[in-house]
């Protein structure tokens, strides 16, 4: 038997769940789990289904009975294909490589692209394609052109920024809307921008954090997926915060990617609804 | 418009949500929020409904289309009536009194029963009936008989043990199955029984906690509602743990009671399902 | 035997602990606990002492052997006298009143000053002076003048802003430098200013928090004492965040005040060192 | 300049810090950081020192002025040599391998010993000696004899049990007292023994955790180093708990090992004092 993930969002009305469950029932497919949420007059519904399904006719049946602004996604459960972008730090990419190696992550790493070649020895150990696409002496535009060129050879679902320390241009981001996930090394919206640990040190905060989010046009302003924090004290230099923060970064990142790869997230009005 | 809470549990089958939402739809009542869960072949469903409803006919309609082992509860949203049992400590009862005073708790405190009179001055401030029912020189049976006698004058939904430092007999508990909520000052099942902080100190743990649970026949073995913990260090004596633990106790207790009073909990096989 | 708290800060040099412990030893007083920290070439030392002490000669002996920029504070352990400022919300002040009533807080509440009289019934229950000093139709200057006038009748160590929803002028703050503690209902520096929960809702964060800090000239920019957070989800409206946030606010506030009242905090360069 | 870690424990007396800092001062060595703690009449002191030191004469000078039951350890800061024991799971060993590769862990992994060969492909990637010492068809005694034989070729400071799913005999443990660190997949002392996640599931707890501890004779009863927890809900099967628990396990383990490798821990009366 196959498994499917169904995602629906539309204006809220009475009887939506009745109509949806009617269609599901008539297609003789079983609901393993379903979740729904209504916020700001918008209805969100996700179901994990089991059985055999003609997805095209199923989608059409749903669209027929649901409001005209309905978005329906129905797809077979499968591993996602991803490209990792990184720079030099090992903790986030290392976590992904180990979990990928152990089959614990619901994704295939198709390639790693980095703006330095420091990570090549690590990535090579796991027999994954590594592309060092250097940014030095290039304009952002030229650099991204090279990356886009490299990406052409791959089919992929998501780009995963595992501490990729460069800003992506709106032009680049537009190519992959809702498909790029970043880990930011602060508890957003605190300490947007460069060196958040130094900013945190200077402000004298007692907690530091990390934020995984989808990337949009505005730096560090995309829809937040997960966040977590750890307590710190006056004894932490900003370097010590950075060191301690690495654990939070990789845990938050890992958790966010699990949610993305399992199709658990809706993006709506720059926020996430997560089931 | 009225609000209702509908709770259903039954053996899992295909089409349950379809059947339930069909009945809801036909009764022209709106779903504000619904949740469902299937575990060990048992289906649990809770809905927050809005509209006007003949609850008896509604319940019958549901029972007609659902499996024979179905339990349906449907009731209008309302404040719960509660009796607090306490001993001497102020932190849990104080929290309840303040939140009750501010209207932040979805319950009416009908009375406080204590086995000492230390708390009388505090309870009196809030004009709530206080009964000191002393246990000294009495058998457990006699003491509980006095309590039961006192309780007769009240209609109430729940008994809330706000650091009531006596064990209730199975006989007493049987009168109020699923209706007594306790706060235990440890992270159960660690440190069952007396003076858990001393036990924690002696074991040298690095985290202490508290557990809110329904009371059943076995001491500290009832269905767990909520738990939380705080980190400690070697610097904590057991008295310091006790002091620090008070915050966790009252927070965990407060959170658990909110869940109980909002009808968010199913008890099944000595566990809780919480929506 | 008396107990004393000794606090020293000075430029860091070799042998400071040796010189300090030499003086302590010669005064035949016992160290119950001591802590030290060096950050940015500044040395901070706190000791909890037990015995009988001529504090003036003790302080002089210390100053003689320590660098010229040394600050020494030595005082007998005692309950602090505090004034609470509040507005309408009960959760933070309620927590203080209960803990004060139970003797769990190392302070005497001398009076409550509020810009509305809503809290009078609650404060009256605990037989504490309540002054409603209304701000309506007054300039900030006039209102603060009235407050200062009222404060004249009290000796106090700290002003404690238990959800006091008005901004204090730099002029007012200057009177009580390092003596005013505020609870801000966000995880600073995120969401400075008004209605942080609404800001948090709009940004779509997954964690909300609270920050206790000393008040200085700049709104929400004073030295941070403690912070804590709770996870939230897309299901939280900003009102639900506000409700859930109250627990964090009062816990963070309570913890910060314990630290202040126990003389555990150094303020240096807009940060806190906490032992 | 060299760095040293000094650890002292002895019966508590007046003037200990004075005597110690006197000796440190006379040896013209600088204190970067020092910590002390007194519990149950026992004094614990740790200092991070910087300078050049004749450690033997330094130790003698200290012993001369300190109580007769004093234990002094003074050693140059250096990377620790470790042997990893594992079975089949990758998360804890993977974390160690990545952090070792990146130089983030203050230790050299000399070899991995496992009772199966499943982990060989992973360990080989990092060019670390891997010994599969199978337990099948062997008595515990024979198996441990084979391990001891294998260990002879290595000099090492610690044995690190990275999810080694076999119980070590008291005989084996005695060889390496205070030198074996284990990660237990529960919040000890809850759920001692086999399959704690299943036990946790059956009890219906709302939080699960992990515990890093030194190994002593009694299963899961050794001195606790660090613990951490994560919240769970009724939606977690025990397999889902196990999956979620892996993150906690590896984080707790990683943190505990950092503390061990930095000589921050005293073991006393089956507890740890951690600076």
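The letters A, B, C and D name the chains in turn, as written, and every chain counts its residues from 1.
As a working rule, a contact is a pair of C-beta atoms (placed from the backbone, for glycine too) under 8 Å apart; a residue touches a chain by one contact, two chains touch by 3 or more.
Given the structure is predicted, the values throughout are model-derived calculations rather than measurements.
Taking shared numbers over all numbers used, the chain B to chain C interface scores over half, which places it in the same class. The greater number of contacting C-beta pairs, out of the two interfaces A-D and C-D, is seen for A-D.
Remark: chain C and chain D have CA centroids separated by 38 Å (rounded to whole angstrom). Annotation: 35 Å between the Cα-based centres of chain A and chain D. Among the residues of chain C, none is in touch with two or more other chains. Touching chain C in their complex are the following residues of chain D: 14-15, 17-18, 21-22, 24-25, 30-36, 38.
Chain C contributes residues 90-91, 94-95, 97-99, 101-102, 104, 122, 125-126, 243, 246-247, 251, 254-255 to its touches with chain B in the complex.
The touching residues of chain C, counted against chain A in their complex, run 37, 39, 187-191, 203-207, 209, 223-229, 233-235, 270-274.
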